[in-house]
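Both of the next two complexes hold subunit A, though its partner changes from subunit B to subunit C.
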Partner chain A sequence: MAQAGKKTVLIVLRHSPYGSSLAKASLDVALATAAFEQSVDLLFLGDGVLQLLPEQDSHSLGIKNFGRQLASLPLYDINCAYVDAEAAARYNLDLTKAPVETRVLDPKKMHQLMVGYDHLLGF
Partner chain B sequence: MIYSLLVLSSPISGQCSRSAADFAQCAIARGHSIHRVFFLDAGTMASSVNGVFPQDESDPVRPWVRLAEQHGVDLVICISSALKHGMLDQVEANRHERPGPTINSIFTISGLGQLVDACAHSDRLITFGG
Partner chain C sequence: MILHTLNASPASSAFFDCTRVVDAGDAVILMGDGVYAALQGTRACAELQATGVELYVLFPDAQVAGVNHPSAGIISIDMVGFVALTERFPRQQAWY
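On to the complex of A and B.
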């Protein structure tokens, strides 16, 4: 049975930053989870890696800049995000300029990562 | 086992919301418990009292109402998503000067802390939709 208290949570972000409101919702969940002092990590998977694009400018969309919100992750003690290596390569993403520090994982490593958490929250 | 559910999709787009309610009923029937159902993003629209459905389609709010009435399951909609989708209780309608409530009173409006709490108190958190 569940022991109430600290759980480890992996949030899996699969949506592009401005294609739907789910990217924002998943980041809000990550920040809230961290704010309540739960142990939380992020994995950007598939199209979700586009959230890590450098120099995002959402001004003309009339919505908040997603990259800027990602850059605030270290304030919540989330210092490193995991990234789907294949998707990052597919989109030719320059992760050295990503808004948050990243660590790329191949599919096998991603699987090993996922099994290590109490909860997976997939968006 | 203690379950909590996270519902992300609108009840009028696909089967996710309905499947989540069915899952909850089945889990309870098998002796498990549902700590909470948390509705986020378009999932919050499951609480709407304003939807009008053709006679040969079922009202997507009804399975949730049944779940809460039969088993006392805690149904919580995320406040920031709810406000954006026009899902208001009487308090929020008053606060934001809207004509009146738009959600079934069986749902509670609250913050993301309720999802974090659900994680902390559940063996499994199952996501529907997204």
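On to the complex of A and C.
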């Protein structure tokens, strides 16, 4: 996973996309981290899974479409997003339509994922 | 091993998500509104204790909130204790 001198970062996204500025901040951090060639992955946890709804239209808010920004992640070598299986089920999400490729994890697996990183950044 | 800082009340999604993800070997520091999970005899406190994590409450925050008698098994720490825990655990997750 980590090359010498490289730190691995897991960004934990726990908030809905437009209810606060946290989702935008987390994406900015993800892209900046990746731009500096650090290894970064995303974990959508709890309400964070709502960022993966496929038909977002933020036009009326005058701000960027979060889903569309997520779709650009592979350009930054962020190819896979991990997703809280329980939360996805709670919101009845169809992850096949999510803007990024996803891997679902139960809580135990989420913990196992988290301990595999040097740094955790919670948003 | 993860050091979790829980800075939200027991009714929050942060509390719910944190208790789902933590595992034995982790530690949780209750701070800010998180200190209310240290109240004796509450379901929140029992839920946290059932996870098997080490539990700490940040004394200055608990004092402000009036949570002066944390439930048995929850260790009261000051800022120095907080720093010591950050040194012990290789990574930290903030819940807020």
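Quick note on the criterion: the second predicted complex is superposed on the first by the 118 of 123 C-alpha atoms of A that agree within 3 Å, B and C clash if a C-alpha of one lies under 4 Å from a C-alpha of the other, contacts with A are read in each partner's own complex, and residues count from 1 in each chain.
Note that in this section contacts are C-beta pairs under 8 Å (C-beta built on N, C-alpha and C of every residue); 3 or more make two chains touch, one makes a residue touch a chain.
All values derive from a computational prediction rather than experimental measurement.
Engineer: Taking the superposition on A as described, I'd like to know which of subunit B and subunit C A:Ser72 touches: first, second, both or neither.
Structural biologist: neither
Engineer: Quick one: is A:Asp28 in contact with subunit B, with subunit C, with both, or with neither? Answer first, second, both or neither.
Structural biologist: The first partner, subunit B, only.
Engineer: With both complexes superposed on chain A, which partner does A:Glu86 reach: first (subunit B), second (subunit C), both or neither?
Structural biologist: After superposition on chain A, A:Glu86 lies in contact with subunit C alone.
Engineer: So in the superposed three-chain picture, is A:Met114 touching just subunit B, just subunit C, both, or none of them (first/second/both/neither)?
Structural biologist: Only subunit C; A:Met114 stays clear of subunit B.
Engineer: Please work out whether A:Lys7 is in contact with subunit B alone, subunit C alone, both, or neither, and reply first, second, both or neither.
Structural biologist: A:Lys7: touches subunit B, not subunit C.
Engineer: One more residue to check, A:Gly46. First (subunit B), second (subunit C), both or neither?
Structural biologist: Only subunit C; A:Gly46 stays clear of subunit B.
Engineer: For A:Gln38, using the defined touch cut-off, is the partner it touches subunit B, subunit C, both, or neither? Pick first, second, both or neither.
Structural biologist: In the superposition, A:Gln38 contacts subunit B only.
Engineer: Using the superposition described at the top, determine whether subunit B or subunit C touches more residues of subunit A.
Structural biologist: B
Engineer: Output the subunit A positions appearing in both contact lists, the one against subunit B and the one against subunit C.
Structural biologist: 14, 118-119, 122.
Engineer: Residues of subunit A touching subunit B in their complex?
Structural biologist: Those in contact with subunit B are residues 1-2, 4-7, 9, 14-15, 21-22, 25, 28-29, 32-33, 36, 38, 118-119, 121-123.
Engineer: Taking the complex as given, what residues does subunit A use to touch subunit C?
Structural biologist: 12, 14, 45-47, 84, 86, 107-108, 110-111, 114-115, 117-120, 122
Engineer: Mind pulling up the subunit B residues that touch subunit A in the complex?
Structural biologist: Going by the criterion above, the answer is residues 1-2, 6, 8, 40-42, 78, 80-81, 84, 111-113, 115-117, 119-125, 127, 130.
Engineer: Per the contact definition, I'd like the list of subunit C residues that touch subunit A in the complex.
Structural biologist: Touching subunit A: residues 1-2, 13-14, 16-17, 20-23, 26, 90-96 of subunit C.
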